[in-house]
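Okay, got some structures for you below.
Across the two complexes that follow, chain A remains constant while its partner is chain B and subsequently chain C.
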Partner chain A sequence: MFNVNFTGEFVAFFIFSVLIISGAVLMVSFTKVVHMVVSLAAVFIGIAGMFVLLQAEFLAFVQVLIYAGAVSILMIFGIMMTKHQDAEADRSRPLHETLTAIGALALFGILFYAIRQSEFPEPEQPLSQATDNTMEIGKLLFTNYVVPFELVSVLLTVAFIGAIVLAKKEAD
Partner chain B sequence: MGSWLDETLTWGNALLFFLWGVILLAIVLGFVTYAIFFERKVIGWMQFRIGPNRVGPWGLLQSVADIAKLLMKEDTIPRKADRALFILAPALAYVPAFAVLAVIPYTQKLYFADINVGLLYYVALSGISTIAIVLGGWSSNNKYALLGGMRSAAQMISYEVPLVISVVGVIMMSGSLNLRTIADQQGDWFWQWNFLPQIIGFVVFVIAAVSELNRTPFDLPEAESELVAGYHVEYSGFRFAFFMLTEYVYVYAIAALTTVLFLGGWHAPFPFLDWVPGIIWFLLKFSFIVFFLFWIRATLPRIRIDQLMGLGWKVLLPVAILNVFLTAVYLELFVK
Partner chain C sequence: MLSSYLTMAAILFCIGLYGALVKRNAVIILLSIELMLNAVNLNLVAFSKYGVVPSLTGQMFTLFSIAVAAAEAAVGIAVLIALFRARGTVNVDEYDEMRR
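Entry: the complex of A and B
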C-alpha cells in the first residue's frame, strides 16, 4: 500500500500537501479574519502546485492569478474595513462540537472509501505530455464547450451589471 | 541551460540549480544597488544637481553605504502592530518578485526556466506581491500605512487588467505564451519587432507597467507629501530594505519583460549586426528601458487618485481591448 519511491515529484507532492493541509487547518483555527484569508491564500497556492505536478500549467497559473491573487485581495480589501483587534469570541458548545466532529469523520470515511473503490480508466486518446495544454483547452472551449462558455460569460456580465446598479443606488 | 532541466534530479544537479539561483540573486542585488545610484545621478543631472558624489570615487559606493546603514539599523516593530503579518509581509513581497525572473530568457541559450505559459506565470506571481503590500499596510496599524496599502491594491489591480490585455495582441501574433518563442519569432529588422506592429499594445503596456511599478507619475501609494511614505511608513531597517528591493527587482523584471515582448529580445536591429553577441543587444535594450523609467520620474508630476482610476478603466482598458480586436481582424484578413 505504501510502496512509494522518493522522486523529486514525490517530495514536491509532499511539500504541497503539507501546505494545503496546514493552510486549511489554520484557516479554521485562527481567530482573526485577516489571518484566515492569508492561510486560505496558502491553500490556493498549494493547489496550484498540485496542478503543476499534474502537468496542467495553464490551470495552475490561472489558479494563482484568480484565487491566490484576485479573490484573496478582494477578501482582504473587504476585511480591512473591519475593526483591527476584532477576534471572534470563542464559546464552548460541547454537544455541537461533538456532532460536528462525528459528521466530519463520517464525511472523511465516505470520501476515503469512495476514492479507494473507484477505478480511473485510461482515456481513449491519451493526450501526449508534450502538447501545449493551453492550446488544447482553447480548442475545446471554442468547439465542444462553446455554448456553456458563452453562457458563463453572459452570467458574468449580468453579475457585473448588477454590481454597477447596486453601487449606483448607494451613490445616489 | 535548458537541457539540465530534463535530466533526473540528483544531488549534483540540485546543487547546480541552487548555484545558478545564487548567481542570479547576486546579479539582481548588484543591479538594484547600481540602479538606485544611477537613478539618483540621472535625476540629479536632469535637475541641474550633482547627485551623490561623496562616498567612494564619483560617489559609486553611495548605495552600498546606504544598504549597510539599513542593515545595521534598529529593527522596530510597533507595539500595536499585528506582529506575525508585519514580519511576513516583506518576505511575501520579495519572493514573487524574485520568482518571476525565472521565466525571462536572456539569449537563445541563456535562460532559467522554459515554461509553456511563461507570460501567465509572470502575471500570476506578480499579483501575490499586491497581497503583501496590503498586508504590510494593514498590519502596521497606522492610518497612513493603511491608506497607502489600499491605494496600492486599488492601483495594482486596476492596472493589471490593461497590462494583461495589452499583451494579448503579442500572444495572438506569436501564437504562444512561451517567452522564448515570443522573443524568437520577432524578425531580424527592427521594424519587424512587436513594438511597431503592436504600437497600441506597446503604449498601453508601458503606461500600465509604470503604474504597476508604483513609480512616478503613478506613485500614489507612497506619495511622500500626502501619506508620509505609504504602506511602509512603520518599517525600518532590513524589512524596509526588502520592500525597496522588491520595487527595484520589479523594475528589472518589467524592463526585461518589455525587451522580450516588444523590443525583439536578443535580436540585433539590423541583420548585418548579427556578429555582436545577443546578450549585448539584450542589455542595451534593457538599460534603455531602465533609463526611460528614470527619465519619466524626473520629468512628470504625480497625478491625482481619481485621474489615475479614470485613466486605467476609461482609457487604457478600452484601448487595449480595441487593440486585441484590431489584431484579430488583421490576422484573420491578411495572415490566414
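Entry: the complex of A and C
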C-alpha cells in the first residue's frame, strides 16, 4: 500500500508526523487548558520541521516565530485574562462527542480515499535546490505580490487596532 | 511523498475540527481553528514542492495565510476578553442569548 523507500526525508517525516499527531491528540484529550496550549506548541514546531523538509526554510522560521512564539503566548494571555476552571469537562456530553467523532472520522475517510485515488504526476522540473529560497521569496514579495503585501499590512494594522479597542476596558 | 504530506494534513485538519466542535472553552476552540489553518498551510507548501509545476507561489500563499491567521487570533482573543467581561464566562454553550 505505502510503497515508500526509507530515505532520510521519510525518516524525518515520520518523526515529525509522530510529534504532530501526538501533540494534536494530546491537545484534544488534556483537561487542563495550559497543557493544551503547550502540546499545541509542539504541533507548531513539528509543522515547522515539515516546512524545512519541504525546502521552505523561511516559512519554517516564520512558523516558529509567529505560531510557536506569538500565537501560543497570546493564547496563554487569553487564558490568564479569562477565568478558566482549572480543569474543564465538568459536564460531559457523550452523544455530542460521539457524533462529532464520527463526523470527523467520516471526513477523514473521504479525504483519505480521495488522496489515495488521485494520481499525482511527477513534477516536471523539481524546485531548484541551489537557489536561495528566502531571497526568491523576498523578490517575489516586492514584485509580483506587492499589492497583496500592502493589503496584508493594512489588514494587520486594522486588526491590531481593532483588538486594542475591543479589549480596552470601558471608560465608565 | 506528496500523498503522505496530504494525509498528514488531513489528519491534522480532522483533529482540529473535532476539537473545535467538542471543546467548550473558547480559547481552546480558537486554538483548534489555528490547527486547521496549519493543516491547510502544510498542503500549500507540499504542493509548492511536489506539485506538477513546483514554484514558490504556494509558499507565498502560506505567508499571506499566516498573516491573516495571526490577525484572526488577535481579534478573536480581544473579542473573547470583551465577552468574558460582559458575561463572566468563557464557555461557549453559555453564550446563548440569541436562542432564549
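We take it that the second predicted complex is superposed on the first by the 143 of 172 C-alpha atoms of A that agree within 3 Å, B and C clash if a C-alpha of one lies under 4 Å from a C-alpha of the other, contacts with A are read in each partner's own complex, and residues count from 1 in each chain.
Assume contacts are C-beta pairs under 8 Å (C-beta built on N, C-alpha and C of every residue); 3 or more make two chains touch, one makes a residue touch a chain.
Computed from a predicted model, the values in this text were never measured in an experiment.
When the shared chain is aligned, chain B and chain C each come close enough to touch A:F77. When the two complexes are overlaid on their common chain A, residue A:A41 makes contact with chain B while staying clear of chain C.
Legend: residue contacts after superposition of the two complexes on their common chain; A:A12 is shown touching neither chain B nor chain C.
Shared-chain residue A:L140: touches chain C; no touch with chain B. Within the superposed three-chain model, A:L26 lies out of touch with both chain B and chain C [touch as defined at top]. Touch criterion met: A:D132 reaches chain B, while chain C stays clear of it. In the superposition on chain A, contact of A:V62 is made with both chain B and chain C. Once chain A of one complex is fitted onto chain A of the other, the partner contacts of A:L111 are limited to chain C, with no touch recorded for chain B.
When the two complexes are superposed, the chain touching more residues of chain A, out of chain B and chain C, is C. Within chain A, the residues touching chain B in one complex and chain C in the other are 58, 62, 70, 77, 84, 133. The touching residues of chain A, counted against chain B in their complex, run 7-8, 32, 34-35, 38, 41, 45, 57-58, 61-62, 64-65, 68-70, 72-73, 76-77, 80, 84, 132-134.
The part of chain B that touches chain A in the complex is made up of residues 8-9, 82, 84-85, 88, 115-117, 120-121, 123-125, 127-128, 130-131, 134-135, 138-139, 141, 146, 149-150, 153, 157, 176-177. Only residues 2, 4, 9-10, 13, 17, 20-21, 24-25, 27-28, 33, 36-37, 40, 43-44, 47, 50-51, 54-56, 58-59, 62-63, 66-67, 70-71, 74-75, 77-79, 81-84, 88, 96-97, 100-101, 103-105, 107-108, 111-112, 115-116, 120-121, 123-127, 133, 136-137, 140-141, 145, 148, 152, 155-156, 159-160, 162-164, 166-167, 169 of chain A touch chain C when the two sit together in their complex. If you check the complex, the residues on chain C that touch chain A are 1-8, 10-19, 21-28, 30-32, 34-35, 38, 41-42, 45-46, 48-56, 59-60, 62-64, 66-75, 77-82, 84-85, 88-90.
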